[in-house]
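The structure under discussion is supplied below as structure tokens; questions concerning it will follow.
Residue numbering begins at 1 within each chain, and the chains themselves are lettered A, B, C, D and E in the order written.
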Amino acid sequence: MASGGHLLSVLIFFPAFGALALLFLRHDDHKYIRYIAFTVSVVEFVFSLWLLRYVTIGSGGYQLQEFAKWIQSPPINYHLGVDGISLFLVILTTFLTPISILASWNSIQHRVKEFFVMLLMLEVGVVGVFLSLDLFLFFLFWEVMLIPMAFLIGIWGHERRIYAAVKFVLYTMAGSILMLVGIIWLYNATGTFDLPAIQQLLQSGALALAPRTEMLLFLAFFLAFAIKVPLFPLHTWLPDAHVEAPTAGSVMLAGVLLKMGTYGMMRFCLPLFPAASRKAAWWVAVLAIIGIIYGALVAMVQPNLKKLVAYSSVSHLGFVVLGIFAFQNISMQGAVYQMLAHGISTGALFLLVGMLYDRRHTFEISEFGGLATPMPKLAAFFLFVALSSLGLPMLNGFVGEYLILLGTYLVHWKWAAWAASGVILSACYLLWSYQRVFFGEITQEKNRALPDASAREKWILATMAGVTLWMGINSPFFTHRFAASCQTVLEQMQRPQRPELAAIPSKPVTQASDAVAATPPQDSAGKAR
Amino acid sequence: MVPTNYYLILSAILFGLGVFAFVFKRNVIAIFMSIELMLNAVNLAFVAFSQAMGKLDGQVFVLFVIVVAAAEAAVGLGIIILIARNRQSLNVERVDLLKL
Amino acid sequence: MPILEHLWIILLLPLLGSAINGLLGSKWPNKIVNGVALGATGLSFLAALEAVREFFQLRPEQIPWVRQYFDWIIAGNFRAGFDLQVDQLTVVMLMVVTGVGFLIHVYSTGYMSHEGGYYRFFSYLNLFMFFMLTLVLAANYVLLFVGWEGVGLSSYLLIGFYFLRKSASDAGKKAFIVNRIGDFGFMLGMFLVFRAFHSLDFQTVFSAAAKWQADTYGQFGTLTIASLLLFMGACGKSAQLPLYVWLPDAMEGPTPVSALIHAATMVTAGVYVVTRSHLLFTMAPTAMFVVAVVGCATAIFAATIGLVQTDIKRVLAYSTVSQLGYMFLACGVGAFSAGIFHLMTHAFFKALLFLAAGSVIHAMGGEQDMRRMGGLSKKIRWTYFTMLTATLAIAGFPPLAGFFSKDSILFNAFQSENGGHVLYGFGLLTALLTSFYMFRLIFLTFFGKQQYDEHHVHVHESPWSMLGPLVILALLSVVGGWLAAPAFLPGGTDYFAKFLAPVFAHGESAEAAVDEAAAHSLELTLAGVAFFTALAGLLVAFWMYLKRPGKADSLAKSMRGAYTTLLNKYYVDELYAAVVVKPLVALSTSVLWKIVDVGAIDGTVNGIADGATAVGDQARHTQSGNTRSYAVWVVIGAIVIIAVIFWPLFKPAAGMVR
Amino acid sequence: MTASLFIFFVLAALAVIGAINLIVQRHPIHSALSLIVVMVALAGLYLLLGAEFVAAVQIIVYGGAIMVLFVFVIMLLNAGVEERTNLSKIANLATILPLVGALTGFLAATMARSSDALHTASKEGVRLASTRELSHMLFKEFVYPFELTSFLILVAILGAIVLAQREH
Amino acid sequence: MIPRPEDLLRVLPELVWCGFGVLLMLVQPFIRNRYVLASLALSGATLGTLAAFISAMNAGSGFHGLIESDGFSLFFHLLVGLVASLVILTAGSYLHRESLESAEFYALLLFATAGMGVLASAQELLTAFIGLELSSISSYVLAGYRRDSLKSGESAMKYFLLGSFATAFFLYGVAMVYGVTGTTNLEIMAAADTSSNLLRLGLALILVGLGFKVAAAPFQVWTPDVYEGAPTPVTALFSAGPKAAAFALLLRIFATVHAATEFWFWAFWALAVFTMFAGNLGALVQSNVKRMLAYSSIAHAGYILVAFAAVTFMQKDPDTGAAPAYAAILFYLLSYALVKVGAFAIVSELGGKGEKHLSLDDYAGLAQRQPFAAATLSLFLLSLLGLPVTAGFFGKFYIFKAAVNSHLIWLAVLMAINSVLGAYYYLRVIVVMYMREPSAETAASAPARFPIPVNIVLWITALGTIYLGLFPNHVLNNVLQQTLISGGRIH
């Protein structure tokens, strides 16, 4: 393994230092604040590209691991590592951050400093989530990330921003707090928070969870992730959060935050609780499929453009969940790919919606109409992105969707058939909304003089479009790097078929398996008698 | 020969009456008195137990309780005076500015 | 083998042209845009020609010629490469696409010269060429699907070219979405193929499939289902029942687009896919039967609608749908080469018809309603002659191209085992109708009384950039048929079928078994029947529209119900709107969004929050501020605590404590 | 019935009646007098139990000092007859009677039964210890809390001053 | 009867606190300078806190087993001493603003602290009772310290009446326990016959009394009223000091008397659930920040009670014993005390003269007017909410861990639900501070600059919160578990 030094730590904490540096600037130094924030994020992006150099292709394990003791009791360690799956999610994060900063260049005019600090702190949290190999550390970043996001929505958002911010936090917290219980429970059973160690224990059969325990643990984790994804019917925070968030917030939210959920499923739910995952797969898939169709149908009829894109995320992420819970190498790779693709294309959609908002200060589709005439370039970009979002081949959306459906079809053709109907519906809502926004005669006079994309916007959009195209054509660049990791996840789901091992439990096992069964009060009552 | 039970039952009855008085009375001073009643019930129990076991420390306890009661009385009556002065009422039900 | 080794050049040229025009063309004068677009297509055409030349030098074992350029998608054992392939079928398609495509590009330079968004148009058109070529050159289903979706996209863009018109953007959207419905099936078909054969490369799939046991008639095995799913995609793309609805609307696009995409090339992609997958289809007789029936039904269905349409392009559109049905009929009865042959000839004469119609529209200053034309034959002679040629060809008059291709199809249908005679009968009826409505078009447009106002419409012949392609296509319509002139005719070699024979080696074995001589005589008989049918159509049209001009109207009046049904296209659009679109939108809006999402789910979420607040609000009334009630709470608490602590005693042995 | 038992019942009845009278009386001064009755009765019981020092303290400190303080405050504030307000919803007779009854019943029952386990009867009249021994305990074993009570009283004085002083 | 010197050393903190209390009363007629008085009080509080180390060096039981000087008592002495010091720092400006005498205030505060110290080290119920009364009576007076305020007087009255009422229950419980075991010494009581119903009842009543002190539902009713009415620095003291001390006693009884451990399990379970819900549901609907924090402190008592419930089960574990659960409780109390004192310090300063600005609306736009206050208050609220990198998170984490360890999964889940409920109202304050624009009136009022002592308090509490949030182990391991286990008292 090539030595990457403390690259991962640098990746996590570099933006934090950037944010710290920003704190020392004067409040009204808007220009410097923006430039420094942008520079920091670009440098961070370059750092993350170094990962590509150090990560060995074809190895499914964790690389560039960093390990330091943090808290002795309970043994919580600062354990980082990257594998093919997290690799690109990190790069996606570091890529979208400078884009978000650019997108906020002019649209954020008050409390500028705080805004960029929050954005960079958000990056810290998200990168941390993707790189943590210690359950506790993971949870920590998972929670920490909430606050900057909530602030981004709550301070710089639109009319109902406060409602949305609170809803976002509470929803997420409701799930994550149960995950914390699950994490602790798992710790009780295994005596460690270290993911690879737990994995080793479970996989080798040295520790077997009772089915009921495993299912409860699975649910504890899954709920947190499902809320984040969001899986139907836990999705209602998303439209609100998206609509109210500022553009940068939406981009980060859709681009990376949602992926934390699906990432968590791949990283934790499947490898740690395979039996429960298999048992639950049917339900999860049904929910995912409902999400796909339902999200698309509801998106179709939204009068609010941003909400439409938000609901489309529900639909797209349904594909990802489906791909994960098909337990197929192909579909899983598709799921990872779809995460990345969705990050780019939906991110770009939000950017575009944000640009429209900057011009007209509304998201209502009915307020637009015929915009292709005053702003052909923006219209072209929008179309391009919409096409990638609806899964046109040679653009990024296709690869993931295709692989997911293909992989799913191999084992559950009905799932794939239902899910594939989402392909039709995505065309419906995207093209319909596109038509209403851009085509036709200009319906409102004030739209006539709207300026086309500025140079800055063009650069942002061209970058996004370039990545979209590149991902659509050169997908092996990505799949090569995470194929082995996906395979590893599937291998990690294997458990030795040795019943005698399960029958002779080590000490922690009894604790875990007897769990709720033995209630202390009966004991005390017995003694009292 | 009075069985200890008798004392204890009396103590319980007095305690119960004290509790009832506390809940039932409206006058702050009367309520305070019912606390004293409860403490007296406790004292009776202490002395009874002390006697029953032939141990002296129960009686020591009673002395402490009496001292504490005295101290409480001083502070409590101070508070009552404060309330009465500010509100011109000793009805505890009228003192409900802080609620919900 | 310079080009065959680098097949990607053929594709890349139009893509480059598209990119250059699209990104930079907005400020360029038309000439430069022309240069780029025509250069790209022309060079691509030349490259294709060279490729075909080189192809003929290949040894038979080198065919199909497959070249892998780069890996596009790799995941597990799934690989979709950017692999191109050339075989005889590809050659035919390649020539049609690049050839007709180039001609239409030339035509467009004239036709579109006064339109805004000139660069945009050519960018889209080149993009279409790229995707169409990808489609025909692809060596696996996934890459084919790229082209498949890509042409859909180009079609969307071009139909909606006049995006200021709502009808245009509606039509584009409709085209894309209806195609997507087909693609849904196509994708599932691909998945099934992959599941069965672990690959999507044509070579691998077909060689593996050949070893399979064919499904019997009525059996829904893997092959049948896969074939049907693929056919579903083909239905969408090739506008077959029930997914044909988008094509007539697609006439909202500029006429060259209708010619290129919605007549000559893209819409035939479905036929191409079916023939490409003929091996799967032939092993699935049920699917074959479905294909034949759908094709036949579409053919006659669309033809009937075509009878009463008054928009010149719509007539042609329904005619296209009808002719595509013919092609599927051919495929369905196993006559793949006949289907492809009809595809080719149809590309010639239908493109010609559209272009000529475009020329007419151009001449009329944008008027498309045939009832407002009339008597144009004198004024735009070149257009008239070329269009007449095409009409004769499509109606099936010998010795024009349409005659041979149609005849071949009818013959094969007649011989088909499953209800062949019925299929033949309907096919023949379609031919009659085709002849009728095509001549109706000719008579209404070019003959009879002038129905327009001279002062407003200055009829003028089109420039040579437009007429040139017309003439070339007319020639092709005339001679093209001889490529496949049946062997029984003088000079007939049936070259076309022989050329394609290696491709359909598996599929058309049935044909070979037929007794040569008997077949020839039968074919001759049928050809005669077909000819007279076409003639009948011509005569009826002549009688109704030239001889007795009022007859058509009175007939329409006497059969009002049928007439309005036809005029409204059997109300299929309305049906779809009422059964699918509106309920779906209503369901989504009022049920899913308003009731389920906002009401039920979010309502539950907010309800929990409100509920907690309400409970808190109730709970704080215990906090009455009254010291006495607080004391009661303490007493209650004491009792609860005592109860909880003593509870275990009560449970096991009640009565221990009173 | 022995004499001691008779005395017990008389004193117990006196205490209970006093306590009930405390509740029934609506003027605080009457309540205070009833409380004094209870205390005196209890002092008698203490004597009966052989705790004469406690009895003395009960009379002097409780009955004397504390209750005088009460009466003094009642006079000072010129407290009148108790208002019969019913502002508290939960603290009505229907609620508190069963609650307090149950509590009292349970306490009494448990106490009555449990003391069987202790001793059958008190060592009535037996001088358990002299006052001297009591003082030994107070100043030796319990010297720490004893000293703490001095601070407690200090706090009480301080508190009373702080609370009752008029604004300057 | 002069006690042995080591006995005196073992109660040195109490002696110092009381001594300084008396000193303050003595100098009060001569020194009117509030800074001098405050410094005197502060040095008294700090010296007493430091003296705890001396008493810890002389570990062992003193005064014939009445008190116990061990790691456990050291911890609570440090805790209450720290709280007292911080409250003194906070109170200075408050007293000045409200024109209240400071000498008496500080003296009472020190006496109260001494009472809490007694509670923390008491090994015998009578001593504990005296300590309880010492702190309670001081508290009653402190609650009513703002004499001219109706609310303050009402607060004192309610606290006094209900406090005495609960004390009577406590005492009655002690009497019963004494009646069964013949002793009030916890050590001796450990060997008590656990089959006795009277013992059971006695312990139940003791729990009622202490439950009242720690504000466990349904004995929590007094808390919001008293906290709201009391002067804010006093509220800070209430929420951290007496509560911690009462928990200390509860813990000591619980840990020493086996009977208690067995009888109290379900009681703790029920109390924990009631308390969490009562606190959180009540806080949901509050618009007064001070009162909201009062309800929140109820909720937090509930969380701590979860750990108490967990202790029962963990004591059976031969390896660790209940030490982790005890440690969780102590850690929680520490983190909670820091946060609550800090938060109330801010509320106290923002309240302005006469405590007028306590409503949530008064906090609108605070982030712009007073960024530091808003940031620290947010930090405290996030810590109360239990977000990582704050002390509160680890506090909650350890309790979760204890609960899950004991297989109290349902309790853990209920606690999780409550955490989410809590998140709502904590966030609301942050939201108001950061995301809402102030009303014209609020915006116009000039930002009150915080006096330096208050800023010091904020820095200490904020840094402490973050430090505990980052390196909980330093405290948890090196102090808590070591002292708990090696001290051998609590196992």
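Worth a mention:
By definition in this document, contacts are C-beta pairs under 8 Å (C-beta built on N, C-alpha and C of every residue); 3 or more make two chains touch, one makes a residue touch a chain.
Since we're looking at a predicted model, the values are computed, not measured.
Looking at chain A and chain C, the chains in contact with each of them are E.
Chain A has the Cα centre that lies closest to the mean of all protein Cα atoms in view.
Ranked by C-beta contact pairs, the top interface belongs to chains B-D. Each chain gets one centre point, the mean of its Cα atoms, and the points for chain A and chain B are 63 Å apart. Centroid to centroid, with C-alpha atoms defining each point, chain D and chain E lie 31 Å apart. Mean C-alpha position of chain A lies 41 Å from that of chain E.
Centre to centre, using the average C-alpha position, chain B and chain E are separated by 26 Å. Contact with two or more other chains is made by residues 609, 620, 622-629, 631-633, 635-636, 638, 642, 648-649, 657 of chain C. Chain contacts: chain D has residues 87-88, 91, 96, 100, 103, 106-107, 110-111, 113, 115, 118, 141-142, 145, 149, 152, 155-156, 159, 161-163 touching two or more partner chains. Chain B has residues 8, 15, 18-19, 22-24, 26, 31-32, 45, 48-49, 52-53, 57, 60, 64, 68, 71-72, 75, 78-80, 82, 92-93, 95-99 in contact with two or more other chains. Pairwise, the chains that make contact are A-C, A-E, B-C, B-D, B-E, C-D, C-E, D-E.
Of all residues in chain C, those touching chain A in their complex are 26, 71-78, 142, 145-146, 149-150, 153, 156, 160, 163-166, 169-170, 172-173, 176-177, 180-181, 183-184, 187-188, 190-192, 194-195, 584-585, 587-589, 592-593, 596-597, 601-602, 605, 609, 648-649, 651-653. Contact residues on chain D toward chain C in their complex (touch as defined above): 87-91, 95-96, 99-100, 102-103, 106, 109-110, 113. Remark: chain B residues 1-21, 23-27, 29-30, 32-34, 36-37, 40, 43-45, 47-54, 56-57, 59-60, 62-64, 66-75, 77-82, 84, 89-91, 93-94, 96 touch chain D in the complex.
Chain contact summary for the complex, chain B toward chain E: residues 8, 15, 18, 22, 28, 31-32, 35, 38-39, 41-42, 45-46, 48-49, 52-53, 55, 57-58, 60-61, 64-65, 68, 71-72, 75-76, 78-80, 82-83, 86-87, 92, 95-99. Of all the residues in chain E, the ones that touch chain A in their complex are 194-195, 200, 262-263, 265-266, 269, 312-313, 382, 386-389, 393, 397, 400-401, 404-407, 409-410, 412-413, 416-417, 419-420, 423-424, 427-428, 431, 434-436, 471-473, 476-477, 481.
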